[in-house]
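Right, one structure below, let's go through it.
Labels for the chains are A, B, C and D, by order of writing; each one numbers its residues from 1.
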Amino acid sequence: MAGNSFGQIFRLTTWGESHGPAVGCTVDGCPSGLPLEPEAIQRELDRRRVGQSKVSSQRQEPDQVQILSGVFEGRTTGSPITMLVFNTDAKSGHYENIKDLYRPGHADYSWDAKYGFRDWRGGGRSSARETIGRVAGGAIARLLLAREGISIIAYTLQMGDLCAEVFDEDEIERNIMRCPDARVAALMVERVDQARRSLDSLGGIVEVRARGVPPGLGEPVFDKLQAEIGKAMFSIPAIKGVEIGEGFGVAGLRGSEHNDPFVRREDGRIGTVSNRHGGILGGISTGEEIVIRLAAKPPASIAQAQQTVDREGNAATIEVRGRHDPTVLPRLVPVAEAMLALVLADHLLRQRTARA
Amino acid sequence: MAGNSFGQIFRLTTWGESHGPAVGCTVDGCPSGLPLEPEAIQRELDRRRVGQSKVSSQRQEPDQVQILSGVFEGRTTGSPITMLVFNTDAKSGHYENIKDLYRPGHADYSWDAKYGFRDWRGGGRSSARETIGRVAGGAIARLLLAREGISIIAYTLQMGDLCAEVFDEDEIERNIMRCPDARVAALMVERVDQARRSLDSLGGIVEVRARGVPPGLGEPVFDKLQAEIGKAMFSIPAIKGVEIGEGFGVAGLRGSEHNDPFVRREDGRIGTVSNRHGGILGGISTGEEIVIRLAAKPPASIAQAQQTVDREGNAATIEVRGRHDPTVLPRLVPVAEAMLALVLADHLLRQRTARA
Amino acid sequence: MAGNSFGQIFRLTTWGESHGPAVGCTVDGCPSGLPLEPEAIQRELDRRRVGQSKVSSQRQEPDQVQILSGVFEGRTTGSPITMLVFNTDAKSGHYENIKDLYRPGHADYSWDAKYGFRDWRGGGRSSARETIGRVAGGAIARLLLAREGISIIAYTLQMGDLCAEVFDEDEIERNIMRCPDARVAALMVERVDQARRSLDSLGGIVEVRARGVPPGLGEPVFDKLQAEIGKAMFSIPAIKGVEIGEGFGVAGLRGSEHNDPFVRREDGRIGTVSNRHGGILGGISTGEEIVIRLAAKPPASIAQAQQTVDREGNAATIEVRGRHDPTVLPRLVPVAEAMLALVLADHLLRQRTARA
Amino acid sequence: MAGNSFGQIFRLTTWGESHGPAVGCTVDGCPSGLPLEPEAIQRELDRRRVGQSKVSSQRQEPDQVQILSGVFEGRTTGSPITMLVFNTDAKSGHYENIKDLYRPGHADYSWDAKYGFRDWRGGGRSSARETIGRVAGGAIARLLLAREGISIIAYTLQMGDLCAEVFDEDEIERNIMRCPDARVAALMVERVDQARRSLDSLGGIVEVRARGVPPGLGEPVFDKLQAEIGKAMFSIPAIKGVEIGEGFGVAGLRGSEHNDPFVRREDGRIGTVSNRHGGILGGISTGEEIVIRLAAKPPASIAQAQQTVDREGNAATIEVRGRHDPTVLPRLVPVAEAMLALVLADHLLRQRTARA
């Protein structure tokens, strides 16, 4: 039983391989009557695509989206929306040498163990190109959320010991690291440059926030909002840790420190004085800002010689060629936003069925 | 659309409230012919139940399980297995005073925001008693896994700055903290005692491991093994962070440090020299040990006076009475094991459909 | 992957075997705030239970329902509702002789072929007692539908060449055949008596109708309303045919005869002049009455000697003892109503997510 | 919650509108390693397409399939398989006049009632062109079934009082009615000609059979094999009745007539002497041939003047132009086969998880 769909009501299915004819997705369950212009999708795909800067892969792909169904006279019809992007700059030759070798840190071996063989060209289905479908689907989810006053933002928070100290929201899209602290961003870029020159790669942390989320979203006891977010985020390539609110910091806190007191806001609504809980209590949104952090591993594709084995288990040395990202952080930002948008859009619709 | 079921093929549904007549679960999709004795279920429930020691709640519940269906002459039949435990020591009187108040750190407010009202007796559905159904279902999953040579273990790793330094597996069930380091366990117990005396509670970290998992489990791209584990773990009450392998540590690593080289083992199988990846690559198990860590917040129920509001938003002071755990860590251990067992049993069955 | 749940949003799971400790069900996804008294459930179970008359089985079961969760102070909470009925008059001795024999027309052989063995006591899971869970869940669905002005009715339409000629709705629950034509009902009872005396059983046709269904329910292209109804009805034991509106009669009609002209009603709403379409067009309800007919086979349990084989394939003669229904028709009526109610409740909730 | 996917493990999603850029589908859950040539898909699409003969629509569409993902070096990879067909002969002008009118027997009104508006060009999503995705997905399912020795066949059985009296399997694809009786086929063609000349259309019955189905497929109690088949068939446009085995004929039978005695076959396997049950008992396949009949209504699109209303409810007269089928029967044949193949492929995979 395969797992290429996400969401129960607002449901995204992605498909396609890195070096196949195209990658794309279908959104089923998008409500009818939502104004939808292709530009809204393209804008998000442009933020995600490669070749944007020296901190990302040099593969050149325009990633031009085509909408094939589900939209009529500028509005969604309630029928499935299929979108695709043709692959144009696939250079499979780069991958011939790794056809029978298992790249360390990659899915080559586990994929073979699962399916018996794999499409090895450019990572096939396990390529980050798969996230194009997520970003396209997430763009529609964001349109739905925007109508309810919900907005989502993500940014690079940390890389090694470099951590944003200033939060200037306008700065985020101005620097190629998508870091809200211009000074730290510059240091990060320098460090990425160094890593690339030494044929290496770097990990880091991205933070994601959602504002304007109404209280009441999330479905206990298994589809709690943090559980769905956890799944969404851990499904993104390279993610090894997810935390909400105080996250791992709770291990050192006492209840009297961690509990956020409730209070009535000036607008009459109930909220909390502080937000250590990160916007979710008991698996249900509280109306406070949702705050999540993701740990992304250093990209596995590095041009250094590495020890490995071939499909028969014979020892071998491998140098991963191709055009790779020395860090995933800036391109992870739109993907993380998309995944959070998908979770929230789904739960916004699920909540419509919660009361008689 | 509610969310009280977990798993696609091996599917658990839990139901019941803390102070209702009973709590229980149904497992649908358990294969036929699995030997199943009630003792196997009861043993796990006994590890989870309250009143075991001074570090857990003093509520007295025998938690005696009854199997109502799906088992015939000691074997599963392939039909749904329903198990229940009657609630016997429910003292709703303790909760009368919080009927209209929102306890800080609890689901009271968000639950009201979602459903319009709530069963306030003992936390109702958001009580940790709900995890009885998880542990009962997980016990069956473990039987299925055991036949394939898969075992699961969890333990208290850390509480504040106290971290297990020794890993003595036999020690785990010997101390009431379920910590593999006897010396550190004693310090933890002392600290819990202090916290309780000061009417407070403590957070910490539990580690979970699975051994003997064959390579090939997990369903890209959304039902990757780490995504399903992430969801499972974040659905447990009190969890605010989940990490796999190096986890948040990857933020400070370079690719050349993080990639685990592949190697042929003496038994001819392919494995990795180190296990920084935590047993999952590309969303699929590699055959290496699966290693996960969970951050559990300090229990929200503390007997100190706290500021809050009532349902109308009027400021109020609350002291949470009842019989509460000053730390969830030792009782979290069997619940975390159960959730990992459920994920793996489900994916073991899903893998049966992966190849033609 | 097992199949003991029905519905996507309003989701029923049934469990239990004929001679196990209990049979029951869980409804997940029932909206919160729905007034629910146990009497509403019991009333429907009483209509379904055995021993009501000489045309049904003589097994004596009070079928007293207990609600174990999901209801608080007389209203649904939004949490799963579990209901059960303990089995009290199970006489497994009756079945000892068929433990190793395959009863013609029964699921004994196919069940063994699927699961490797079976709970043979009283038919185990394939017993009609399983429908208790359906009727209990359907009773809740009906409460939800009633708030929207939707009502459901079913009745015995035909048995052999005896077909109701008069439709007197009040008559239905007055006679033991649940036939809307008192005169024909009397003839049917006589025929059933004859059949029982000759150790035989009889098939027939039940008609089911839903009134007050708003236009717009149903989810093309696979979850069309008639597709969901078709699945629901074919999942009831004994059903071999389902038709909607004109049904098989369409094979002899021309488009000009079959198309129902649209018209504006006096209340301003759009409807059709005739209702050959049976209330559904393009998979979506039109607002006209939904009309379905079900063909139920003669019960397979007959006391005559029949040829069969044992588990090893050796020829044998079998006489099915036990307390059986010579016709399922009157007891099928509440089950068919329940299944239609479940489909409509689910789609009523699904429709809430159809528009932006 | 939308309904454009079918199947649990072998899962088909279709998308696209009659006059949009393309129609297509994604199959998720097809096992890896299945040999797949585009010709196998194209062959089935050619059987389904329009313009084949004078008994079907004159729209000219080559329906050339493109496979965009999930196949590598001639074999399925286990990743989702997306296939599409571009629309080339869409003449939306034909439909301008029905933009605001509700065609009798069509989904126009109910679609508007559901979604608030509709893509009216050529029927939009409710066009029979949607079945292209079903036939493409079904073609893959058939490849999977063929490896297990399962074959599927369908044919026109009846039109009005014309019913095939001879069953010559080789004849089916030789005549344009796809009727196994050459003489009756000729009479049917004549009758269709007459109907078209009188601007009318005709209903009829298609029979579908599956051979070589192993005993054990089907998932009680809700996903019984007949329930899944019932859903599949009722999801096809124009179907108003479905029956299995004796179907509605059971209403006139006694148990002693209807029960099929079990017997040991010459090959040692257990089977039944007769096949009145149609290959399914208790919701599980018995190994006997599966036999289903479908009643298809006369196509709603007829060129005669018909009474109807516009969107505001004003009375109007409508003549449905465009290029329509005077009977759906011959083109229904490959679609019905595809749907049965999808059900069986799904349950073949589900059965792999039934035993420990």
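Note that contacts are C-beta pairs under 8 Å (C-beta built on N, C-alpha and C of every residue); 3 or more make two chains touch, one makes a residue touch a chain.
Computed from a predicted model, the values in this text were never measured in an experiment.
**Student:** Could you tell me which pair, C-D or B-C, is linked by more C-beta pairs in contact?
**Tutor:** When the contacts at B-C and C-D are counted, C-D has more.
**Student:** Taking CA centroids for every chain, report which one is farthest away from chain A.
**Tutor:** Relative to chain A, the chain whose C-alpha centre sits farthest away is C.
**Student:** Measuring from the mean C-alpha position of chain A to the mean C-alpha position of chain C, what distance in angstrom results?
**Tutor:** 46
**Student:** Please work out the Cα centroid separation of chain C and chain D, and write it as a whole number of Å.
**Tutor:** The mean C-alpha positions of chain C and chain D differ by 26 Å.
**Student:** So what's the Cα centroid distance for chain B and chain C, whole Å?
**Tutor:** 39
**Student:** I need the residues of chain C touching at least two other chains; which ones are they?
**Tutor:** 1-2, 4-5, 8-9, 14, 29-30, 32-33, 78-79, 114-116, 125, 220, 349-350, 353-355
**Student:** State the interface residues of chain C toward chain A in the complex, per the touch definition above.
**Tutor:** Result: residues 1, 9, 29-34, 76, 78-79, 144, 147, 220, 349-350, 352-356 of chain C touch chain A.
**Student:** Residue numbers of chain C touching chain B in their complex, please.
**Tutor:** That would be residues 1-2, 4-5, 8-9, 11, 13-17, 20-24, 26, 28-30, 32-33, 66, 68-70, 72, 75, 77-82, 84, 114-119, 124-125, 349 of chain C.
**Student:** Which of the residues in chain D come into contact with chain C in the complex?
**Tutor:** Touch list, chain D to chain C: 1-6, 8-9, 14, 102, 104-111, 113-116, 125-126, 130, 158-161, 195, 200-205, 214-224, 226-235, 237, 239-264, 268-270, 272-273, 277-278, 280-287, 295-302, 304, 306-309, 313-315, 350-351, 353-355.
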